[in-house]
Every structure is written in structure tokens, then in C-alpha cells.
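Labels for the chains are A, B, C and D, by order of writing; each one numbers its residues from 1.
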Amino acid sequence: MFADPVQEIERAPELQVTEWLNTKSPISLKGLLGRPVIIHAFQMLCPGCVSHAIPQTQNVQRIFEQTDLAVLGLHTVFEHHAAMTPVSLRAFVHEYRLTFPIGVDHPGETGPTPRTMAAYQMRGTPTTILIDRKGCISAQLFGQIEDLALGAMIQALLSEHIQSAGDTDPRDVCTPNGCSDPSF
Amino acid sequence: MFADPVQEIERAPELQVTEWLNTKSPISLKGLLGRPVIIHAFQMLCPGCVSHAIPQTQNVQRIFEQTDLAVLGLHTVFEHHAAMTPVSLRAFVHEYRLTFPIGVDHPGETGPTPRTMAAYQMRGTPTTILIDRKGCISAQLFGQIEDLALGAMIQALLSEHIQSAGDTDPRDVCTPNGCSDPSF
Amino acid sequence: MFADPVQEIERAPELQVTEWLNTKSPISLKGLLGRPVIIHAFQMLCPGCVSHAIPQTQNVQRIFEQTDLAVLGLHTVFEHHAAMTPVSLRAFVHEYRLTFPIGVDHPGETGPTPRTMAAYQMRGTPTTILIDRKGCISAQLFGQIEDLALGAMIQALLSEHIQSAGDTDPRDVCTPNGCSDPSF
Amino acid sequence: MFADPVQEIERAPELQVTEWLNTKSPISLKGLLGRPVIIHAFQMLCPGCVSHAIPQTQNVQRIFEQTDLAVLGLHTVFEHHAAMTPVSLRAFVHEYRLTFPIGVDHPGETGPTPRTMAAYQMRGTPTTILIDRKGCISAQLFGQIEDLALGAMIQALLSEHIQSAGDTDPRDVCTPNGCSDPSF
């Protein structure tokens, strides 16, 4: 009858994006329900993003391209706004040969933090977010993640399958305590 | 009534080891049935092993230590035998601070290739072998493997569960066409 | 009697810079005569600059800080001009913690290539230019240079000393065939 | 009239080697007088040697091959003697494709430290020793050295020239306070 606001906490908040690169049509998490999703939140002038997390995301796209994993970038500019405009981002994406879809996070209305970054309560960049097939946040990690661990985390989501008829509405398995996987 | 010899092809051959390092008691694949296993076959003077595959195996042990993955090394000396004796191996293991169990492959009787290496038809070192919970070879890879891909391969084995009563004898699910996982 | 125009070819062209970062007062090659100079020409969105040549230049500044080597950066934007403005460069310099003086190359009047880049006939970025104590170009290299080789090239300039009275006007030792070092 | 024993302290002690690899005839520092020398003292099972200092020495040989720099390795086994015999060293040199001459340090008579290592009072491996054209130790460094710094140190030795007649006996410029270079 009515949405349980507590329950919604665990669901991955929808992306709020002003424009997309590397995709012909806008992307929404709602549209990706049923597929695991990895979101790499970065800033183009963040050294840790450029040296580690962005090439890692590019490698994730390549290595898991035969799976139904959705690989997304999110440009969450929360500092040096004048230096990291969409114009600069497009040049960056071109020079670094990035091919995964990248959304520009919607600027904040009252402060420097953009909207999606705020909704996820990210601490900074790089942040890696893993979302399971039911649209729930499986992990949200700030800083560098080792490739071995990230590969395992992605595969854990890929190995999850929505098995019974009762799971057809993926929202049903999200609870305030987290998202339970009936296959475990 | 009788063992099907073809069926046995897909089962991981038992290790033939003359001595073990980093473990108090000898290890057998039979004893590990039910757990996924990663075997890193190496030579202590193989540059690609030393720079990439051995530290990768050490990282695998650390990252997956909370799981039931078994991490094994296998010293498969097929060249420079006088230079890579067990005495040298022990000094190597000490200097490189390796902590995973390492077996010394049994020398071959008629040629330079040791027995386990021959049984697996390995091409050289480094070779990484992944064995599933049912004791079947899931993958056998020669050369360097990317961490992202290896992490995913390991997690795929960890996510497999033997679910029904009919699976209690893991040998039943091995066929000449490979080892089928009933959960897929 | 008159300046030999050919002779001038070997002298390092003066820098044409619209603004400087990391220095209180503008820098000129004329003002640095008598000291060896390394100029690292880069673009902030050039991947090879960011991953290799810029950290190398930062290391050069640190390792040779006890010498009289002058370490300069030059932002030679010849593409994506709207993406690599001085505003973006300042954010980049801040985020990457760069401490060596960096000049912004003067935009070209009739094309995309800035003036100093054109005067030196650079092929692209990264370009490393070494100038000796007499103000002559000792080396100009496009692409990545190994640290061992660069360290040696810098030391070769540092080891040169203007020894005799006849060398007090450093222009005298520049010839159309290059800059001869009387100490060799 | 007579040798000053104190003066001899600064002269590089002669190598005491039981056998040489990668050279047809034995090498002595006496025979190299007039040329700068770099000696990389290592153990084949020393991780810091294998990952950093040995490839660095190989790169030094390649980068400075047009100069008169002499590049030497010295296998200074002071631990795990049974594991690092000349037989093992030869396999190691073969597998790692090392091409610079390598001497096996003479075993110590009363302890684990070999003779040349003791004469130089080395603290361990890797140790890098630089010897100038006059046969004096210019630098002796324990641990990893940055390529930029090592390149500069080598070039400083290469740039030194024995200029006057008074320098023909290189021992004359060695004093208890170090080896003075008349060109500075």
C-alpha cells in the first residue's frame, strides 16, 4: 500500500545524471534490474582514480564482457568544479581511450557535492559500488581495491541467480537489514 | 561395477609429492574433496613465477583466507634439477616469506618431467590449476593470469554448492564431457 | 660583425609563456644562463605525461635539488584547448602535488600549436629538453626516457664547467655544428 | 718511498673470486684501472636483488655500453650457502638472461661472510659499489637506489678525466680523507 521508507535505504539510489558519454541512450539502475552493476565514481583530476581505479574499471569491462555485468562510470565532481567540466571530461575520456558508459553526476543545489554522490553518502573518489541483480547495494568501497578481491566480488554477484517465482519482484528481498539472497 | 577410465580423465589426478613445506602433514586432493583448490605449479628459478605467479598465489591465500579455498604450491622441476633441490627450495621459501603449503613434485623415472606435472600434461611454469568442490579440474592455465580474472574464477568455484543428497558422492557428477555443476 | 642566423639555430629559443605556476616571478632561459636546465613539455590530459614523465620530472627536482639544475615544466596545449585551460591546469597541479615551476605556453596565433612548442619544433608530448650551461640545446627527446639514461644526461650537463676566461660569454661556444664543451 | 697504509683504506679492495661467469678470462680491479667500475653485490635468493637491483644492473650494462664503464656482478653468499652454490647460480644466470660478468665471492675461512664482502664491510645485499677511474671507492650503497640517482652517479664518474701528468699514478690522489678529483 505504501513504500516503506526504511526498506528503501538498502536499495541502490537511482543515478541522477545530467549527461552520458559512451552510450547512445541514458542509463538507469531501474533499467538494469536483474543484472549486476559496478559503478566506478571518479573525478578526472583525482590521481588515485587515474592511476588505479579508472584502468581497473576499463579492465573489468574487458574481462567480464561475456557476462551480463553492467560497467558504469560516474563523474562525481565535488571540488575544482571549473576545472572538471563536461568539456574537460570528454577530452579526458578521449585521451584515455575509455569505452565504458560514464554519467556526469548532477551538481548539488546547495553545496559542492553532486546529487548521486550525496545520495550514496560517498566519502570521496575513487569509490566502487557493487549492486546485485535485485538492485541492492552489495558493497560500497572508498579507495583502491585489489584486483583479486574485486574479481571475486563481481563473480559473487554474477553467480547469484533469481531462482523462484517469488523472486520475480526483486524489491521483495530487500529488507532494512540488507538484501538477502534466497540462493544462500 | 567398474571404473570408467574415460570418466577419470576429467578428475584432477592425485598429487605425487616427495615432501611438503609449510604444512605439518601431507596433503592430498582426496582429503580436500568438497573444497575448491588452487594449485600453483612453479619452479623457484622461473622468472615469470617469481615476479608474478608466486606473489599472486601468496595474495590469493591472504585474500581468500576466510573461505574454504585450499591454496597449494607445487614445485615442478623439469630443468636445472641440480640447481633447484629441496635444500634450495627451502631457502627460497624462507627468503620470499611464502606461507602456503608447497609440495615437491616427485621426480620422473625416465625423463626430466616430474610425475604430477606429467599427469596434468602441463606445458611449463607457471601453471595455475583450479579444482572444484567435486575434485574436477575447472581450469588449467599456463602463463600469467590477470588478478581480476583469477579472482572471478576462484569465486565461481567458491559459489558452487553441493546441494542435494544425490551429490554427496562428488564423483557422480564428473562425466567425460567435464564436471557438471547441478546448481547451474 | 653581424649575428650569424645559422648559429642561432642551436641556441635554445626563449620561452614564450603567458603565466607561471609555482614561482613568484617569471622565469626566462636568459636568466638561467650558466645553469643546466631541464624542461618537461607536457599536457595535463596526456596519459604518457601523467603516468611517466610528470612524476619523473618531480623526482628529478627532488634528486637534484642540491645542484644548480633548473627544473621547469611547460604546458604545451596543442589539442583539446577548451579542456586544458589554466584553470584546469591549476587544479591538476594542486591535485598532483607538483612543485616545480610550470609555464603556460603562449597560444599560437594561426594554429593550434603554441609558440614555444613551435619554436622548438616539438613533435608532441611528453618532450624533454636539456639545455647546457651555455644556453644550448643538449638534447630534445620525444616520448618516455628511462630514468638511468636521464640521470646520466643531467649529470653530464652538471659536470660541465665553464673554465676559462674566454668562456665567460657562453654564446661564443655555440656553433652551427652544435655547442662545443671546451672541457672535453 | 713507501706505501702509506692509511692511504690504502680508501682504495677499492681487490676482488677475491673463485670463478667467473659471463667472461672468458678472470677480471681484476687492477686490470680495470682508468675505467669507472660498478659492482653489484647480490645473492640469487635475495628478493630485493632479484626484483630491483639485478634488472637495474642489466639495464646499466645496456644503457652505458657505449662508454668505458665496467659493469660487474659479485655473488656474495653469506647465508643459505648450500642453496646458492655455483651450480644454482649458473642456472639462475641462464634463466634470468644475465649478460654482465659475475664473480663468485671467495668463501670466508672462519665464518659465513665471503672474503670480498668482508673486505668492503658490506652490510648485506643488494650493495652497489662505484669505483672511479683511479681505483677509489666513490660510493658504496646498501639497498635500493633510484635509477635517476644511479644514472647520475655513474655519469659523474664517466665525466671525470685524468688530465695532468701528475695523475698518471692514480694512487697519488687517494688520501685518508677520500679520493680527491683534481678536475674539481
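Throughout what follows, a contact is a pair of C-beta atoms (placed from the backbone, for glycine too) under 8 Å apart; a residue touches a chain by one contact, two chains touch by 3 or more.
These figures come from a predicted structure and were not determined experimentally.
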- Query: Which chain is most remote from chain B in terms of Cα centres?
  - Reply: C
- Message: Report the inter-centroid distance (CA atoms only) between chain B and chain C in whole Å.
- Response: 54
- Message: For chain B versus chain D, what separation do you get between their C-alpha means, in angstrom?
- Response: 42
- Between the Cα centroids of chain A and chain B the separation in whole angstrom comes to 35
- Expected list for chain B, residues touching two or more other chains, is none
- Task: Have a look at which chains touch which and call the overall pattern line, ring, star, complete or other.
- Result: ring
- Item | All chain pairs that touch each other | A-B, A-C, B-D, C-D
- Message: Quick check on the complex: what are the chain A residues that touch chain C?
- Response: 45-47, 50-51, 79-80, 82-85, 87-88, 90-92, 94-96
- Task: Please name which positions on chain A make contact with chain B in the complex.
- Result: 56, 59-60, 63-64, 146-156, 158-160
